[in-house]
Amino acid sequence: MTAILFYILSAVCIISSILMIFHKNAMYSVLYLLICFFSVAGLFVMLNAQFLSIVHVIVYAGAIMVLFLYVIMFLNMSTPVTIRKSKLIMVIACFTGAMVCFVLTTALWATDFGSDPAIVDQNIGMASILGKYLFKEFLIPFEVSSILFLSAMVGVVIFNKKDYKDE
Amino acid sequence: MNTIILLAVTGIFSMFSGIFRQKQLALPAILIAFILALGMLTFGWIGNYDDILNNMLIFDNLAINFSLVIIFISIFIFIMSQYYYSDDIEHLTDLFALFVFSIIGGILLVSFQNLTMLFLGTEILSIPLYILAASNRRNLASNEAGLKYYLMGSFATCFLLLGITLIYGAYGSFDLTDIHTALATQGISSLFLTGVVLILCSFIFKLSAVPFHFWAPDVYHGAPTVLTAFVSTVVKVAVMGALLRFMAFIGNYNSEKWVILFMLVSVATMIFGTIVSIKQKNFKRLLAYSGMANVGFVLIAILTAGEGSSGYILYNLTAYSIASILAFTIYSTIKSQTGIDTIKGISGLVTHNKLLATGLLVSMLSFAGIPPLAGFFGKYFIIFSAVKAGDTWLAVIAILTSVVAAYNYLRISAYVVNDNNSIPVLKITTRYRIFIILCIALIIGGGILPDQLFGLLH
Amino acid sequence: MNDITPLQDQLRLVPLEHYVFLCLVLFSIGLTGVLLRRNLINVFLSLELMLNSVNLLAVSFSVYYNDPNGQAFVFFVMVVAAAEVAVGLAMLVMIYRNVHTVDINALNDLKW
Amino acid sequence: MNILIIILLPFLSALLILLAGKDYSQRIALISAAASVIAIGVMMALFDKDATTITSIDLPWIKSMGVHFHLGADGLSLLMILICNVVTLISMYVSLGDTFSQHRLYFALLLLMQTFMNGVFTAQDLFLYYIFWELALIPAYFLLLIWGKGKDVKPATIKFFLFTLLGSLFMLVAIVWLGNIGSIADFSLATIYGLEIGTQEQLFVYGAFMLAYGIKTPLFPFHSWLPDTYTLAPAPVTIMLSGVMSKMALYSIIRFVLPVVPDAVEQYGIYVVYLATIGVMYASVIALTQKDLKRMFAYVSIAHVGLIAAGILTYSVLGIQGSLIQMAAHAINTVGLFFIAQILFRLKGNFDINCFGGLRQYMPVFAGLYMVIMFGSIGVPLTNGFVGEFIIFTSLYRLDVFAALIAGSGIILGAVYMLTSYQKIMLGPDTDTTLTDITNSDKTLLYCIACIVIITGLYPSWITSLCDVSVQNIIHPYLQK
């Protein structure tokens, strides 16, 4: 049963992402990606990473996708944008994607992952354990990522704050 | 670690000085902080943070030397920025803060000991740069540069992430030491190989080496000149440091494979960078391509000397950086006062602007590798390491490309000493004059006393 | 630990290879999207998809290896994704104001 | 007398010219050049001919790479320094006759060039030598670029620079390799001489060195930069280039190639000899067709230099001694010829042979002096050119009759075109009646040159005796093995 669920979710994931990259209307692309993200969140739950799956929904679906939708509406781009696309580029792009997929898969095909998931600690996906990891093992990365956010924030301000001169 | 904290505080201070309308404080504060940081690094006061570091970062000699060079070059970039950004630019202090944050990223990158830090360091280094590249809001070229840089950077990040995750998948850890132990016990797996190749690809992206070089000239051309100087100097030092660390870590395993891959990359980069640069008419673009060729050069040292090459690489990059900051400074002065940005346009610079012309000539001759300028020893060390490792053919290719590259620099110098006097007297302040003289002195001094400089770096 | 939990059951039924394969397919689709589309919004979305596939990969390794490091790592990927998207979209809005299009090729004053 | 003086004197004078508040450039340059000649004269007078090498300064410079700032001189170096400084003095003197824009920079660059060339001739450390070698190129480059005449000056100069840079970078690889054979990096000449190198490696080193020297001398297939460069350069610079810079390469062959890679020279030297002799022939044939006087002299120079290189690579005491004499002769003769070309240029404003004619009637002294210098160049007995050529031919003949024949016919051709051009310019119908004889200062210089030509022709043995010990030192260790 759970195995079937995995394959269903995977299929949804793949199909929606394919639809996402091919759809002309950006708004729909965002929505397809949203579906994809939800199914990824479902996969997280199946992997017993409940905390991450919630964070994933909050961050991606709740924040990032909303940001996208907001920008699309803000720029009034909900109508399909006519973008000239040569067939050649399409073919090349699809071919490249397929090649990368093929190369990576063949590289990994022979790998014996060798892990017998018999002994699985169900708690590793819990907030308490992850929290300890984040604030102990990963304290330094956690701290320095504040710099990352700070610079992203400054960047957004620089880009879109109105000049004095504009007024 | 102390350095990182100091720099982070400085960056935030710079932002606040903008908010409280005390812009003039930002630059002196940053410069003082940099000098303090240099002192801290030189005297080994890096602080004992082992209990919280968890082997995420390591401040060994390599990290300290690379950090020293990063900060040292950054001082020049900041002094240069003073002549590039006019005082009334709105977000000046924010831009400064972004530079500082990016430098922090660079320092994280050269001292990473955990793949998470490699990833975060790359991002902290890059994200401010995307912003800075597009910071000239009204200028479409700058917008495009920022966008391209952003897209390519994010794209490379995806590869980096996939690579890191695959390595994690192979040995169940992000820690270099753990992976090293696992490698020794479990042997190499194809998962690991794929991961390493992907990470190397993203390094090649960041270094703008062939075959992932195509974004570089546009970004270099469109971005504000200070940023161009920053990207072609500090960023390269940081990424080279990270690459050196990474190569040292994987070096013992399947060394031939990496060597062949990197030989191809380095040879292709040298050849491509040099040949394309011959065709360039725009000064900034030419510098971009020549920087690319130099990256190919430096890769030779990584290949042939392995871990021992840090001194060579640092010497080369420092010499290259000072010369290119000098060239960029002079270029931006000419550009801002006359609007000229082509190579032909600078013809006759020597007639009315002796100092600028001298500076440009010195930097060009240093690029061309003429003794006893610093650039010569930069090239010499690389050729030396290639010859010593027995890869004489690499040295020969390096020489052939550097002769072709010399053509470019000679071409520029020929224009500079031309007889026509189309360029009027450019206004330069005394401080600017001192800066140029300092750069020239460093280039010549680095060539006359390479031992002293090299001793500092080794 | 001795009870067979639904999780273990599922893990036994779905081998790690399938997760890895799914992630690679998603990654490649994202890659294709980046190369394919000229609408900047779509390019950004594709980049997000690539990052997501990496997340999924990290989590599945983490679970199968019983090691929380991978899941902690995913947090940082999310951090970076959020920061990148913020910067990217801000840049997009700024560029849109200047050129009134989101076509990636609208800005090609600079030749390769 | 410390050898350092001939490095420091021109260098400090150049700095003085550049930094002085007022413009004394001509005076400083002339005094410095004259003082250098006097200094070298004193040095030669004090030189003990049996001594091997006078080391005068040896300071560690780049410790990590084993490089020393090591200067010294033996008879061979002294001869080269003498040539260099005398030619520089002549060049300075010739410069006074023309006006140059930015003449402070001009004189400073000339002095710097002299400094670095002196450095090349005295460096006892291979790395230091390389640095001086490259450095000497820089002033030459700028002198050509800024004061060269004609439309093609920029491409020609860049070509000149790139050609030489290419050669010297290969030489750098060889030097790096040589210096790092031992456990500690050491570039000092004594160490390099003592190296035992396998035949295969010798061949590579030999190839790298000969590429550099072949380009700089220039030998036959690499000569294409020379005619343009010599023609476009202002006369004093041409004098420096032809008088000294080509000697740098020839000196280096004697100093570095022969003793360091003797086996390779033994085996493959003959090919270079062939190339050089073919070059003699080739240059002479091309010179026959030249209408431009300066260009013709440039080809004459190629021919003579090729002959000298052939003489050196016979790898015999005789050949090297002959080459040394011929080097001194060639320096003074080409300098004289290019000076004559410059005087003619001042008359008519170009170098075309056809627009001159019948000058002898108006300028008899000039015509006479021209003839003396030209005889020297052709190698008429009793002039300086004769002895050297004769000895070189003898040694060539011993080595390979065929090579000697080619070279000999090339030189005979040389005599033909020199005489023809002389006839056209000096004899023949007169074309212009407004001419008067050359100025006294020009006359003085020409008299001096002519005197040197004759004196060296009558008494060439001072060169052989000066250099004898050094040549023996270079050749003998190998022959004894």
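Letters A, B, C and D mark the chains as written, and numbering starts fresh at 1 in each.
The definition used in the following text is that contacts are C-beta pairs under 8 Å (C-beta built on N, C-alpha and C of every residue); 3 or more make two chains touch, one makes a residue touch a chain.
The shown structure was predicted, so the numbers you read here are calculated from the model rather than taken from an experiment.
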Legend entry - Of A-C and B-D, whichever chain pair has more C-beta contact pairs: A-C
Inset, instruction - Please find which chain has its CA centre nearest to the centre of all protein CA atoms in view. - result: B
Inset, instruction - For chain A and chain C, let me know how many angstrom lie between their CA-based centres, rounded off. - result: 4
Legend entry - Whole-Å separation of chain centres (CA-atom averages), chain B against chain D: 43
Legend entry - Euclidean distance of C-alpha centroids - chain A vs chain B, Å: 31
Legend entry - Geometric centre distance via CA averages, chain C-chain B, whole Å: 29
Inset, instruction - For chain B, write out the residues touching at least two other chains, lowest number first. - result: 116, 120, 123, 127, 130-131, 134, 137, 169
Legend entry - Where chain C touches two or more other chains, by residue: 20, 27, 30-31, 65, 67, 69, 76, 80, 83-84, 87, 91, 94
Inset, instruction - Specify, in ascending order, the residues of chain A that touch 2 or more different other chains. - result: 104, 108, 113, 137-138, 141, 145, 148, 151-152, 155, 159
Inset, instruction - Please give all chain pairs that are in touch with each other. - result: A-B, A-C, B-C, B-D
Legend entry - Residue ranges of chain B touching chain C (in the complex, touch as defined): 116, 119-120, 123, 127, 130-131, 134, 137-138, 140-141, 143-147, 150-151, 154-155, 157-158, 161-162, 164-166, 168-169, 172-174, 214, 217-218, 221-222
Legend entry - In the complex, chain B residues that touch chain D: 365, 368, 370-372, 376, 380, 383-384, 387-388, 392, 395-396, 399-400, 402-403, 406-407, 410-411, 413-414, 417, 419, 450-451, 454-455, 458
Legend entry - chain C - residues contacting chain B, complex: 20, 27, 30-31, 34, 40, 43, 47, 50-51, 53-54, 57-58, 61, 65, 67, 69-70, 73, 76-77, 80, 83-84, 87-88, 91, 94-95, 98-99, 104, 107-112
Legend entry - Residue numbers on chain A that touch chain B, as the complex places them: 104, 107-108, 110-111, 113, 136-141, 144-145, 147-148, 150-152, 154-155, 157-159, 161, 163-164
Legend entry - Residues of chain D that touch chain B when the two form their complex: 61-65, 101, 130-131, 134-135, 137-138, 141-142, 145-146, 154, 157-158, 161-162, 165-166, 169-170, 172-173, 176-177, 180
